[in-house]
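Alright, structures below, take your time with them.
Here come two complexes built around chain A, the first alongside chain B, the second alongside chain C.
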Partner chain A sequence: MSRQARWLSIGVGLLFMLSIPLWVTSSFYLRLVNLSGITIIAVVGLNFLTGETGQISLGHAGLMGIGAYTAAILETAHHWEFWSGTLAAGVITTAIAIIIGYPTLRLKGHYLAIATLGLGQILWLIFSNWRSATNGFDGIGQIPEPHIFGFSIANDFAFYYLITVFVAAFVYLAIRIKASSFGLAMIAVRDNEMAAEAMGISATTHKVLAFSLSGLYAGVAGSLYAHLFTYISPDAFTLDLSILFFAMLILGGLGSILGSMIAAVFLTLLPEWLRFLDQYYMVLYGAIIILVIVYMPQGIMGVLKNWRRWKLFRATQPSEPLHGG
Partner chain B sequence: MADSILVVERLGKRFGGIMALDEVSFQIPRGAVCALIGPNGAGKSTLINVVTGLYKPTSGQIAVEGRPLDGLGPVAIANLGVSRTFQNVRLFHSLTVLENVLVAKHRATPARFLGGILRSAGFRQREATIRAEAQEALQALDLWEIRGRLVGGLPFGQRHLVELARALVRRPKLLLLDEPSAGLIRPEIVRLMQCIRMLQNRGIAILLVEHNMELVMRISEQIVVLDFGKKIAEGPPEVIRADAKVIEAYLGRRHQRAGTR
Partner chain C sequence: MEQIVISGLAMGSIYALIALSFVLIYNAVGVVNFATGEIVMLGAFLGTTAITQLQLNPVLAYIAACALMVFFGYSFNLITYYPLRGQSFLPIALSTLAASIIMRNVALIIWGANPLSMRGVLGSGVWHLGTVVIVPQNIVIFIVTLVLLVLQHLFFTHTRWGRMMRAVAQDQDVAKLMGIKVNLMIGLTFAYAGFLGGVAGLLVAPIFFVTTGMGFAVAMKAFTASIVGGFGSIPGAIVGGLFIGLVEILGAAYVSSVYKDAFAFIILILVLLVRPQGFFGEKIAEKA
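Then we have the complex of A and B:
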């Protein structure tokens, strides 16, 4: 792709992104679009840990819950602002991820998945039973709307642009980290831990780093979630959501940021497109996941890469003369 | 002592009832090539794994440049200037040849993390230096042309060389090679021999675990022979070649003549 074509496609993509709320007029669908954006942040965060570093976490929804509850409690009971509440959500979730990460990330393979599964359940129990802080199953309501530069972000239309800014910032950060030597080191730990350590790359350091980054993303996503719905309860942060995040990573292609984003949007919208199937929806959903794992083990991005390679192969066949550009 | 890069003193390693290493002592002078030979199960790989911190020794001492390695893990030992290759070639298979080498120069400090995100001037400068070093290492091993290829798709011989380049770029003082010729065909072994000489010319001391006797006899200055975890001989190639104990343990009694060329 030439430089101009690249900028043109970025420009068209940007215009398309910005125009979404203008033609998605159904407030229900706009809410889903906003939820997709929040999901992108959470899944791109989980990609550091599961995609790049190769550690399976089934407690990501719990971390998102920590962010949501932190922001909700600070802003309802202590009258913090959106920015400070979201910052606190990110910082506290990151800190908790580091504290939990040190002991659990020493576990190898499936044990980490089991430990984080337990972590998610423990957090859910805390959200449900620490009544004085979290209101138990009644949840926390009337979470104040964000005020930014005098604008109040009170509806899904305004929220869309707020979330877009967050998605852009956090995806950009993820791309930068992945492109740095830390991104390479995380992949090295995933590919061969023993060789990584022999090259002076500490597996524990990079796993904890990946876990804390995933915590930061989950915490911020949780805060945005709390503000979008203005109400949170423990049932928003169950194991189902953790598994959904994991499924999105698999579908997108482990390690791919763009793939994670596409899959996050797709799997957020899919239940609505399949609503006519009623309770049989889960059957089809499960079948799709199985087909993906069998026929496209590297997810959406794997398919795209193969397609590009195939095109390149076609282009270099002698029957089609190459035109110099 | 001071001019020894590696000092192994009465090293012991026990796995349950098996003494994999039993009171093994030897030294490698700075910049020398030392071969570690012995029949299968003699404890050669165990020794490499103890020196690089993968296993904790049961008894004895190891020192690199006079610094004892007591209690240090693999990462700390690697950062003292000890590098290694693996018996079954362990590369980062989803990275390219160049990335495999680049990542070996990674340092996990908070300043570098921020620098990498912000692409600070210091970061870009360091990145350029690291790239130049990686290019140098890859060119030295004739891998620069294939730098963009994923290592997973490379032929076995080239993967060996990528592993060497990855170890080389760390500018080690001591390089441990665990059966580098395993699985290589003859021209590749000749190439490997040249590479090891080139590494030695750069002042890198090499501890070589190897079964290919021709390779061992031609490139090493000093040979340590292990059998059942014990050192049974040590000396220059011509001495080892004639040592009756070595011939018996390593080559077997009936092959005495085959051992002397």
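Then we have the complex of A and C:
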């Protein structure tokens, strides 16, 4: 793509994004769009750990829950503001991710999967049973609406723009981090840990940092989630959500930020499109995941890449013979 | 106290069987089967249907349920592992997770959301042995587990098929060079793992409520047990299972029953920090 074409497509994309609330008039669908935005933040965060550093986390819903509960408790019981509550959610989730990450990230693959699965479960137990703080299964309601520069973000229309700003900022940050030397070091750890260590890259440090970054994203996503729904309960942060995040990463194509964003939106909307299937939906959802892994091992981005290569191939085919490579 | 220890060890035997189910698969193909809990659940539901709903002869019912689980284990391999063999850990982990979602929801559609209960082979009363009260199902659990472990040991060490399966677990390439049908052996390992999970489900059904969520709870403890015992180690899975069973029930009795499910994980974290290779295991921080 030429420089102008790239800027043009970014501009068109931006306009499209900004116009969404104007033509998605159903508040129900706008709520789903907002939820997709929050999911994008969480999944792009998880991508640091799973996509770029190659480590698995099946406890990510728990981290998002920490963010949601932190913001909810501070703002309902202690009357904090949206910004300070969200900041605290991000900071506390990051801190807990570091504390959790240090012992568990020394493990690999399966062990890490099982350890994070257990941690997600412990966090769920704490949300459900620490009644004095989390109100147990009754959950926390009446989470105050954000006030920003005198505007109160009280409906999904206003929320859309708030979430868009957050998504843009966090995705931009993710792109910059991925392109930085730190991002390259994480990818090196994923591709060959021993070689990375030989180059002077500490694998454990990079894994813990990737995990804490994904914790920051999960914490902020959790806080936004709490404000969007104004009510949270332990059942919002179960293993199923962790699996969903993981499925979004794989479906998008491991390591691709754009792919995980597309998959996050797709898998958030899919249950609504297939609502008529009722309880059969979850069966189909599981089957779709297996089919995708088997037939699209590189995910959505892999398909797009192949398609582009194929178009390029067709365009060059008649006029000149293809040279090797 | 005695009752507590007995039920802890009985639950521990169940964990040991489930831990074995996925240690065997892990050894054979290097993959953790995250649907192990749902295999246990399926065994329990099949047993409940056969015995409580269809009123079959118990012997016939148990045999039918076990046979179905063997068949299921083999099919499970064909759907979730075989098409992905040779891929890395992440996609295969997701594939077994997706299988667990499918199984849980199919069970929900077939058996509904209400908990079912199953009668044990020795009835549902209790026995009094002096001052000690014994739940007969616990004795059944001990006996079945013990017999199964002895048979399994004999099978793996003294039969041709058992040795072929172990050879595949040790080195697939060399096994193939020796003329062993590697994919068939892997399929059989999955079938046997399905059988083990099914037996665990049949054994645990009379002392638990049979629900679609039961598998996850027991499988998490069994995962923990196998890490505590030393991942990949068969004696480790057994000792770890008994250990977790005891810790859990003692913790529930003397510390807090609400956080009963958390004790296993606290032990897990402690073990990972202090002795990550477990009681008997390999050094897990270094194994890919």
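One rule holds for everything that comes next: the second predicted complex is superposed on the first by the 318 of 325 C-alpha atoms of A that agree within 3 Å, B and C clash if a C-alpha of one lies under 4 Å from a C-alpha of the other, contacts with A are read in each partner's own complex, and residues count from 1 in each chain.
The working rule: a residue touches a chain if its C-beta (ideal position, glycine included) is under 8 Å from a C-beta of that chain, and two chains touch if they have at least 3 such contacts.
Only a predicted model underlies this, so the values are computations on that prediction, with no experimental measurement involved.
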| item | value |
| --- | --- |
| Chain C versus chain B on the shared chain A, clash or fit after superposition | fit |
| Touched partner set for A:Asn306, first chain B, second chain C, both or neither | neither |
| First, second, both or neither for A:Ser152, with chain B first and chain C second | neither |
| Apex chain A: angle to the C-alpha centres of chain B and chain C, given in degrees as a multiple of 10 | 80 |
| First, second, both or neither for A:Asp191, with chain B first and chain C second | first |
| Touching partner for A:Thr50 - first (chain B), second (chain C), both, neither | second |
| A:Ser202 touches, of chain B and chain C: first, second, both or neither? | first |
| First (chain B), second (chain C), both or neither touched by A:Ser180 | first |
| Chain touching more of chain A, residue-wise (chain B, chain C) | C |
| Shortest CA-CA distance in Å separating chain B from chain C in the superposed model | 10 |
| Those residues of chain A which chain B touches in one complex and chain C touches in the other | none |
| Contact footprint of chain A on chain B as seen in their complex | 52, 54, 73-75, 78-79, 83-84, 86, 90-95, 99, 102-108, 112-113, 116-117, 119, 127, 130, 166-167, 170 |
| Chain C residues within the chain A interface of the complex | 26, 31-32, 34, 79-80, 83-84, 87, 89-91, 93-95, 97-102, 104-106, 108-109, 216, 220, 223-224, 227, 231, 258-259, 261-262, 264-265, 268-269, 272-273, 276, 284-285, 287-288 |
| Of chain A, residues touching chain C in the complex | 50, 54, 56, 58, 103-104, 106-111, 113-115, 117-119, 121-122, 125, 129, 239-240, 243, 246-247, 250, 254, 279-280, 282-283, 285-287, 289-290, 293-294, 297 |
| Contacting residues of chain A [partner chain B, same complex] | 173, 176-177, 179-182, 184-185, 187-188, 190-192, 194-202, 205-206, 209, 255 |
